[in-house]
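Read through the structure below, which is laid out as structure tokens, and then see the notes.
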């Protein structure tokens, strides 16, 4: 029977929502305060879900210490205390909305976990931008 | 790939659980303290989930400010600081259990979001009556 | 050295803010939605703090099971799933604001704990009406 | 339409992760601090989800008081303030990882709820070992 | 008897820790990742405590709606979705550590509340930079 | 003006409440389930408060990274994933109630912080044994 394991991590970052193909007026109209050119920031809470079978030898779907290390090396060390627009390469040409940040994290972790640990593990990512606004990929 | 966005809101209301086709004894037996004819109340935490594709122009599944405004106008302004049994029309003939409140909210928001925003967005509603009792529709 | 122990409990109740010596207009102006004559309600989170010396025999300031039982018998059994204005005698002539509810709880528990357990224990009461509005007596 | 109801409970227990077919070195290597032969412990938060149709008579998928009583009798009374390895029979020959504890709880509750309440209700169990490590069965 | 009322609000902002009288090396050594010249950010949770007597007419120490409006006008409208170093005048020459942000908020709110509402009300400010790092002024 | 800074940490441990000078019957009567000779356990949340003046050079009362390191080295490395009764020397002859655990932590940290950092800093320790039972020293 398929079982999910979840690991919660967090990082703090600055960002700005902006579409370079739009006028300043349209950016202001769509993104409001989030378009501030001087940036604002968040404490992002990240929950990574890994779905697979329980290994009868260990009783684990996946070692949570290993999962935590993979998240740290591939996400936290690159995103934490950073300006996402200026310092994280994936957002050079991608608007760092919560949806897109979660999608990027999902793509990175899925590739790492399926390559390093087990190609049969499925991954989901839930990202809290605030306590009241959050996203999940895939739905 | 389908992505979910979530918005958390809250409202405070009084209610009473009661089936008018039952005797007072049966109401008391089934609903216990929740049948108190003088009402009791809750802080309801409401999480609305909207499922769709990320718009490449905005990076949004749906603008969370718009979602928050739709919830405010259609749910909070009608439910907050109200007596659900006496003042919210949907519960004139429907017992305001957490299940039924969530179902009513889901029906209202689904119709509004599919009409006003996008007919392809799917909706789910999670309602916390207390920190320990909560419901989700659809399952 | 003085040490504090804390016990968190909760109850759900309906209430209405109202000053019978004021006009309906003034009640509406001061209390707004909280003046709704049909009542509204809350999940109240209650934290009772007891301050004293650690007993060297037990390692306890006070047995938390006993504290929980005193709160249950004297507060929860009288307040939970009740209409505070109509069913709790202390609010017959006292407006059930968070401040006054906390004050009433403090008076009841202080008398019980000092009589039943130890006259030297000091008491403080913190009451959350919502996650964002809360009070403490004494300050 | 299928609706979910959720009940949150908690218990405190000691445990140790250990595979008796492995050497002490391999146990230490795989389970690290969790292999401590003197045990460590957790506050486990347990969320039981029951999925079914809303009963039009009650407005309930299932009476949450009855669900709470079933969890108390079958899980909390057997697991709370216990040493899982030494005192809970299901873990005599099963490593008490979060995954396996959740699986055992799911098996017990599914059998009880389908027998006592309704054979058509589906069950899911989410178990928080810490705020940052948790599992769900089935996925 | 003195009673406290508390109002919780929040804002999201970017900041950078930096002492312009120090070398880049010393700034890096003392402030580490928080010295990033491209800024990072936080969801700040703000709890404002007001201490005074309960008014027998209203049952309030202070109307929480008025308190919320004062916080919104004087703090949130100026700090939320802003770059604290670049856009909030108080931090032109003051390092925006959690301690200093809380101190600035305390000075602003104390002056407003004592002038507009009541000179006898005492104020305390608690500011959460993350769930794990927070400050309070005065101690 | 005195300012407080707070750092939240956590550890997981097994323990048993027991007074060796009492009969098994009295231990069972006073400590109930907590007297289980096979131990039970908790996720302990620890909040350390440091009270002092804000340093005008750094804007800090105390560097939270240094505080976190002191807590890790002196408390977490000795208490986390341990059996408090069997493996932590301070509880060889001291009952590991929440009150006594908090007192021991306070004594250790006060000595370290006053020696290593600043003799004028005052310390308080808040320890959550569960979400509903917690203690603070000094009161």
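Each chain gets a letter, A, B, C, D, E and F, in the order it is written, and its residues are counted from 1.
Everything below uses one rule, namely that a contact is a pair of C-beta atoms (placed from the backbone, for glycine too) under 8 Å apart; a residue touches a chain by one contact, two chains touch by 3 or more.
Since we're looking at a predicted model, the values are computed, not measured.
Student: Where the contacts of chain A and chain C overlap, which chains show up?
Tutor: B, E
Student: Treat touching chains as neighbours: how many steps, at the fewest, connect chain B to chain D?
Tutor: Minimum step count, chain B to chain D: 1.
Student: In the chain contact graph, what is the shortest path length, in steps, from chain A to chain F?
Tutor: Between chain A and chain F, the shortest chain-hopping route counts 2.
Student: Specify the angle of rotation obtained when superposing chain A on chain B by their C-alpha atoms, rounded to a multiple of 5 degrees.
Tutor: Resulting rotation angle: about 120 degrees.
Student: Going by average Cα coordinates, which chain is farthest removed from chain E?
Tutor: For chain E, the chain whose C-alpha mean is farthest off is D.
Student: Using C-alpha centroids, which chain lies at the maximum separation from chain C?
Tutor: It is A whose centre lies farthest from that of chain C.
Student: Please tell me the distance, in whole Å, between the geometric centres of chain A and chain D computed from their C-alpha atoms.
Tutor: Going by mean C-alpha positions, chain A sits 29 Å from chain D.
Student: State, to the nearest whole Å, the distance from the C-alpha centre of chain B to the C-alpha centre of chain E.
Tutor: 34
Student: What are the residue numbers in chain C that touch two or more other chains?
Tutor: Each of 131 in chain C touches at least two other chains.
Student: Run through the chains and report each pair that touches.
Tutor: Pairs satisfying the touch definition: A-B, A-D, A-E, B-C, B-D, C-E, C-F, D-F, E-F.
Student: Quick one: which bits of chain A touch chain B in the complex? Just the residue numbers, please.
Tutor: Of all residues in chain A, those touching chain B are 17, 19, 30, 32, 94-100, 102-103, 131-139.
Student: Within their complex, state which residues of chain A touch chain E.
Tutor: My answer: residues 10, 12-15, 33-34, 36, 38-43, 80-83, 86-87, 130-131.
Student: Mind pulling up the chain E residues that touch chain C in the complex?
Tutor: 1-9, 51-52, 54, 57-61, 63-65, 122
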